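Dumping the structure here so I can ask a few things about it.
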């Protein structure tokens, strides 16, 4: 079968960016908690600004969810995930899956920051034939483990990865980030049950608990509470943390799994975090800032 | 669109059977608890025997699950559901959905006992052009509210019915019977979440908790425990009862919903109940008894 | 056909649904966190109790639709076409089609409408997926008038139906006068004797433009608008094959099992003539809808070139 | 072809899978509480850790398959064909095909194999559903030899694939000698000049019998076994149309988007000749598989009559 290419450009590692990211990782590994928190906050600020510029330029994107998930991404790529942007297929890498694939811009920006590809490619986001489609494609973007976009796909794939890594004797871990509205999809609960049953302690789910979905609050649409109880009843450890507190996230994600169970980190976040007029406003799920709004947003994010 | 008929015979109400069923309902309504228990047990015995004969004759069926669900069906049709076999489309009828549609023979036998159609049609089960297919079809069988067979379909439909009846101002109730293995399907948890969110107090789910699925124990395949916790975390009341104790089932199903929530009745049952060599044996999920085994089974069920 | 005045058929859909709901209190809407993208805002404002937003749960959504129908309501189940069909296909087969439930499945923003949101959001397989399911009419209105008429027909008719409600802007193509939509009947929009372009949905206006281009080349192309993809209007297709001797189909979808395949079968079984099936043939690359339609040759020019090709005429 | 010695292809599938798994520890099996019906008992006995039975959860099953592939394993994901495809279609599209994951989807007991278990268990839409998905090869072995060879090919080849593994007993149809299965290549089983019967899966032996019946009527029918339904062997179909002038397709499936539609497209685009598409055309009534195949005319006699009809010969 001859495959039709879905993108006409190959994304290649950016070795300068990789070197910068490696230095950051080393710095963070040695830093005290305050310094680590500051470094991660700085990184988050940079990423948030790039998110706003990229979406504004492309006229497309999901700003609200990008900004709520940013601190989760920076914590993971800044201090947790053992990956090699120069060798994205390294068999023993930790696996990361962004199940809420509509927040591709935050992911692409993070991946570029690590050097999986050059940050200047971000300007092609959503442009004709760009590898950077509106939702991340495994075919086109190094560092993307599975194509996401339809909600409720990431956790089953993550479970499969964790089962597979265990079978192969790898100690690598698997982290899946999900939206909260996304948890209305039953496929997640199928996967949660399987992971609980199999005691997949190398699997972590982080819920971006911003309380909003596409059209309304989750509590007005199809309420998820008591959310931690749900995960526990499905055989998981569950902890709740402030999803904009890098160190709290870091502790929650890295604490040893005493129980031998998979862990769910419910990260309480604010959709649109960091931009006053976007924060907790449902319309910024996929609204695109105009030039004036973008300017204000970039200033607020400084 | 011209529909191709899927069955070449119309099933019509059996008025003698209806009269008999009405007498039973009245008797049960007036009976003391001991007498009610005895009458329901007698009915269950008759249905179990017909199940065995029907499956043996057809060379097809799911004896184990039929026998585990029988007492639930007799309790519901004997003492709970307000339906009219002479007018299966009565708008204000209670709705019953057998989500574990593979146990069609138990359902068909129960429906025939109520007079939805004549019991002599049971001998056509699975025969060419019979309305009584291996899984119940809404097109062909009066009393069947929705076609089932693929697992995980009944509860979403039941939720829709309950929402619809409430919208129409009907006080009718909706009861869905599910298998335990079936609860591995995520579609059930989608529906459970919706029902909990909407406080559908007219909806009852009864779980035939026989601990076995098609190929193994549920606990060895993908464990469901803590099952009551799961339902509670999804916004339901949950009670556990002996699923072969008609009065316990009756109480569990009919107790007022104080909480305004949907109720899940976890009915602890034994797959193959009543036939020694079938009880709790996974192979009887869909094994068909030979003549000798059928004879033994019928004797044990006397 | 005024080409520069274009419409999002979801607006006609939403307006007509509200109008029908005022007259018939059995009508309810069901959606998957898609109040906005299904344009159900005004329905929600006027009938808050009759909008059942189940959240992001498509299997549940379709099952609930079947349940609402069972309770005597007339549910319009609305979601992005790809999630509605891909995620709930077994519910569509078992709970709706096989159960003959009175459910109106509304696949919103189908085809390539989601543009740069990518192939996971494109609904190009839906026509093939649904036409394979027995007893499920598949309706693709081509403009606002057809959309309104199709919805009215669906509301009045007992039984399952799938309606593909376009988002990509289209001009009016329905001839004034006559009924905009008759179930099971294709509409001949332009006479012609040399070839027939059979189109559906967004491709209909492009087919008309293609016919105009072909006229400049001396080719008289007939144009047929198929809004009932299943069951197909066999007579009209047979007439096209017999009277014009060449057929091109055009759809914003893979033609493997949708309009193209449906027409092909009738042509082959009754009057084999040369034919081409235009549609999408792969996962789309990145780009907005207009760009992607060009990429797949789903333009007036692409259709005209294909017609010339099937006639063995030079199309350079 | 010894007609009275028939085989359940699941047995060949299961044996070959165990054999491959012995040599390659990347091979794992995934199933949905279908160890028995997918014939994975011996696999489970020999490789207990490499069987991932997820329970009754098809979306999870396919997602897990994609994850296992990501971890470097070669998963054979096995489930009753209708549940695998209908319930997990979006996972097949997004996680497997669009993600180009190295997942081997094995649809067991397809078509009408489940007989009197009814239309909810029949998998007659799967070929149409899957052929609509880009970049997903659709393979239908016709006998045990093809089954084994196809599985070996699938295990060796990186990328997604769907294999339709039959349960209904079939005789051996592969000619001894030559390779039983070559990806993308149809096999001409019988020469003929008057018409071609293009068949797949369970229909292949019936096509051979039909050709024998036709011979008695003086008609020389060619028989082509298409085991790669997507991508189709265009050359062989073109040759059939050109050299024999009439085509009948036969599949245990709706022909709207499967083999019939695939062949129709090539015939129309290259050499329009009279054609008939045989398959299932509705939800089946109650009955066992053999009865249902008769009901839909999917028999040697039905195929032969259809061939006579397409040739305009009396078939009474």
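When the chains are written out, they are named A, B, C and D in that same order, and each has its own residue count from 1.
One rule holds in what follows: a contact is a pair of C-beta atoms (placed from the backbone, for glycine too) under 8 Å apart; a residue touches a chain by one contact, two chains touch by 3 or more.
Just so you know, these numbers come straight off a predicted model, no measurement behind them.
Visitor: Give the label of the chain whose average Cα location is farthest from that of chain C.
Guide: That would be chain B.
Visitor: Cα centroid separation between chain A and chain B, in whole Å?
Guide: Measuring from centre to centre gives 44 Å for this pair.
Visitor: When the centre of a chain is set as the mean of its C-alpha atoms, what distance in Å lies between chain A and chain C?
Guide: The separation of the two C-alpha centroids amounts to 36 Å.
Visitor: Return the distance between the CA-based centres of chain A and chain D, expressed in whole Å.
Guide: Distance between chain centres: 40 Å.
Visitor: Of all residues in chain D, which are in touch with two or more distinct other chains?
Guide: 54-55, 57, 59-60, 82-83, 86-87, 90, 94, 98, 119-120, 134-135, 281-283
Visitor: For chain A, jot down the residues that touch at least 2 other chains.
Guide: In chain A, 3-4, 137, 147-150, 152, 184-187, 190, 193-194, 222 touch at least two other chains.
Visitor: In graph terms, with chains as vertices and touches as edges, which category applies: line, ring, star, complete, or other?
Guide: Per interface graph, the chains form a complete graph.
Visitor: What does chain B use to touch chain C in their complex?
Guide: Listed in rising order, the residues are 1, 3-4, 91, 95, 137-139, 145-150, 152-153, 155-165, 167-168, 170, 186-187, 190-191, 193-194.
Visitor: Can you list the chain B residues touching chain A in their complex?
Guide: Residues 184-190, 193-194, 196-197, 222-224, 226, 229-230, 232-235 of chain B touch chain A in their complex.
Visitor: Which residues of chain A touch chain C once you look at their complex with the stated criterion?
Guide: Within the complex, chain A contacts chain C at residues 3-8, 58, 60, 101-102, 126-135, 137, 147-152, 181-182, 184-186, 213-216, 218, 221-222.
Visitor: Which of the residues in chain D end up touching chain A in this complex?
Guide: Counting only chain D, the residues touching chain A are 28, 49-50, 52, 54-55, 57, 59-60, 62-73, 75, 90-91, 94-95, 98-101, 134-135, 137, 159, 184, 230-231.
Visitor: Enumerate the contact residues on chain C facing chain D in the complex.
Guide: 82-83, 86-87, 89-90, 93-94, 97-98, 119-120, 124-125, 128-129, 131-135, 254-258, 260-262, 264-265, 267-269, 272-277, 281-283
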